[in-house]
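Here chain A shows up in two complexes: once beside chain B, once beside chain C.
So, the complex of A and B:
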């Protein structure tokens, strides 16, 4: 009995161990060798600990940035980083175990829904599922749920989103791919469909982006972390200059305040680098296990794949989508404070993936003009929605960050609506 | 009304039944032309062969020629979009046959193809 109590109180309460056990179960279900099960389990645990370390670095850097931003401009400045939200929720908020179990629950609900309903979509983008699991758990927790009900509700809502979001995008996906075989598994669907709607109203389908000559690639995005750095360093430096040396002195001590904030921007990038290495390690065993099991259980499934699956269909639209979404997000950045909301600082990588894919959607239904107008509107849309969610995120404990992928934001709103409705009765 | 419309649509999609033997014969003719061809000429010929085999529903052959094309020249276009669908078709057949290894093999190929298209847009290829 004492041993059992020790295991329950000291081992099973540790998020790292719970996550490891889920990976262990996935590997065992795939009938892997003992060696593969042990190494896979240990790597998953290691992934969680690496993720935690990265999260601490990000938060330390953002705490300074957020405080100085507030003092410099008299308003809140939030960095759009779903990775940071996930890191903080899994570590500081102590929701790591719940997020991991809910992730497994989302896998199960997705398989069940794909088997029994006409929506045969199996969501295969591991990182996106982790972000969705995070937001489901965070908002279910905010609604007052704990323990098993929290995991159950989180899994059902997350599983429903994983099945229904690809279905939502499929009418346009069919037009783009010319078939019904492949679906889109990227939790930015509301943004894509909004872009398609604006593009359809304002655009002209007959003039495609693919008929113009553009550079074949965006070379400045070759290195993810370098591109994040190129954006974050100016943000940190502007805040340092606006706040002034006296205000910065409480953090930088004897170091020059510009040099100090430059290094803090690099600390943010370092934290992101470490955190994402942790996420990759964490998902390296879980996602293939899910893929193998789901494909076996739902052989007639339509795989919902990450957004690069669409890039070969309209590469010019990807480049233009990124450019015009970025323009829109800069407009959105200045628009949100005018609406009494915090200023959201756009993320370059989310603008690239979400913006590029939005460009393909826009081009399909509204051609070049649709891409320009639709993607500027998309950029504003993906700034305003996270800004609207930020007061709730702030109440939960996320002070200097907000979400990027808009479907996860919609998940948050969904929970808040349910909370309001149930509060009435 | 709605159901009638749906049925009509299905008929339409079944309509273009091109002669399979004819397509294979055309592909084989093109294969003979491959000898001595290099660079862009070889790539366009390989893509043409891949496309003919795809239309003839000769999945393995289509995959073979499209893969060779992308090996020589990584580019966005019909080779990669058709390959994605063909890999998915093979993955589905493997899942129905409960062949776990093949399911994994084709899922890995799908992932590599997506990585390739991401790298190409970002100028890493």
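So, the complex of A and C:
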């Protein structure tokens, strides 16, 4: 009994250890050598700890930003960052072990569904699954579930999303790639299909974005962390100027408040960079294990891959999609307080990746005009949805952040509906 | 051992998918290599024998002075394209 208690209290509640054990299991199932199993397990644990370190840097920077934003404008400002949400849920909220086990559960449910249904999609975008697993656990927790039921429900809902979302996007994916070999594995599918719908109604398919010559100077936007900086620095500086030197003084001490907030904006990017490096280490062993096992069990499966796999198909649409989604999200940012919700500051990562992919979808069905109108609508769409979810996230303990990827937001609504239905009985 | 690096915007998803396709191609060719993936911001300091990335990143690479061969793919996970473009480079490096 003492041994069991020790295992439960010191091993199964330590998220880093749990995720290491899952990687260990994945490597053992692939019959890797002992050396590969040990090094893979250790690297996965290291990945989790790097992720946690990045998360605390993000949160320290956002805490200052959130407080000054509040003092400067008299309203709550939330930064849209699913990476930050994941970091905070895994570390501060103590849900790390549940998230890690649910991630493995999602793998299993995805394989089972791909095997028995006609949707043969295996979701291989590891970080997207990690975000989905995080949100499934967070919402199931919010609905009052704990322990094994929490993990089961989270795995089933997450696994269903992982199988069905690629199927949802596949009709347009077939047009873009000209084949049926790959699917889209990125939890922004509702946004893409919404964009495609608007674009189809308003656009003209014959005038493609790929016939335009875009200025070369825009290409730096492909550099993810650079473009995050380009957007976050102005946000932090606007807040610094609006709050004024006296209000900022409690944080910046003797440093000039503008310089201080400039560096804080870079701290946010630093945290993001570290967190993403952690995610890379964390997934380096898990994803190939999942791929290897799923290919054996579901031989006719189609891989659902991360959205930038599509970017070479229409690079101009990616840049334009990012720009017009950002314009839309800035409109959305001013709309959300009017609806009585907190002001959401656009998430640059999702504006780029989701915006770029939305641009490709819009171009495919509605050409240039479709990209402009569809992506502005997309930008508004991806701000309003997370804003609607933010009061609930606030109750759980996410004070300065909200979600980005809209499918994870839809997951949240799904849980809320289930909760209200079961509440009736 | 031969080091091959794949590169994308965040260094997470598509470079990883590309890496797994390369892994499959290398197994077919019987070439052993150490594979890794990273983001475009970090590639300046990266050490590798061959770098692969998407066509859309070609201009970004011009900023860096990389002394190893770079391959730009139209379709990141297309094994035929990878095999076609990687084989001559592997031969040049004496790995094949």
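As a working rule, the second predicted complex is superposed on the first by the 414 of 425 C-alpha atoms of A that agree within 3 Å, B and C clash if a C-alpha of one lies under 4 Å from a C-alpha of the other, contacts with A are read in each partner's own complex, and residues count from 1 in each chain.
Convention: contacts are C-beta pairs under 8 Å (C-beta built on N, C-alpha and C of every residue); 3 or more make two chains touch, one makes a residue touch a chain.
Computed from a predicted structure; not experimentally measured.
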Once chain A from each complex is brought into register, does chain C clash with chain B or fit beside it?
clash
Who does A:191 touch here: chain B (first), chain C (second), both, or neither?
neither
Under the stated touch criterion, which partner chain does A:84 make contact with: chain B (first), chain C (second), both, or neither?
neither
Between chain B (first) and chain C (second), which does A:300 come into contact with in this model arrangement: first, second, both, or neither?
first
Can A:332 be said to touch chain B (first), chain C (second), both, or neither?
neither
Of the partners chain B and chain C, which touch A:311 in the superposed model: first, second, both, neither?
both
Chain B versus chain C as contact partner of A:47, first or second or both or neither:
neither
For A:218, is the partner it touches chain B (first), chain C (second), both, or none of the two (neither)?
first
Contacts for A:226 in the overlay, against chain B (first) and chain C (second): which applies, first, second, both or neither?
second
Report for A:374: first if it touches chain B alone, second if chain C alone, otherwise both or neither.
neither
Based on the A-chain superposition described above, do chain B and chain C contact any of the same residues on chain A, and if so which?
124, 177, 182, 216, 219, 222, 288, 291, 303, 305-306, 308-309, 311-312, 315, 318
In the complex with chain C, residue positions of chain A that touch it
124-128, 177, 182, 186, 216, 219-220, 222-226, 273, 276, 279-280, 283-284, 287-288, 291, 303, 305-309, 311-312, 315, 318, 349, 352-353
Flag every residue of chain A that touches chain B in the complex, lowest number first.
30, 124, 177, 179, 181-182, 216-219, 221-222, 288, 291-292, 295-296, 299-301, 303, 305-306, 308-309, 311-313, 315, 318-319, 356
In the complex formed with chain A, which residues of chain B make contact?
76-77, 80-81, 84-85, 88-89, 91-92, 95-96, 98, 100, 103-104, 107, 110, 114-115, 117-118, 120-124
Within their complex, chain C touches chain A through residues 8-14, 16-18, 20, 23, 37-41, 54-57, 59-60, 73-77
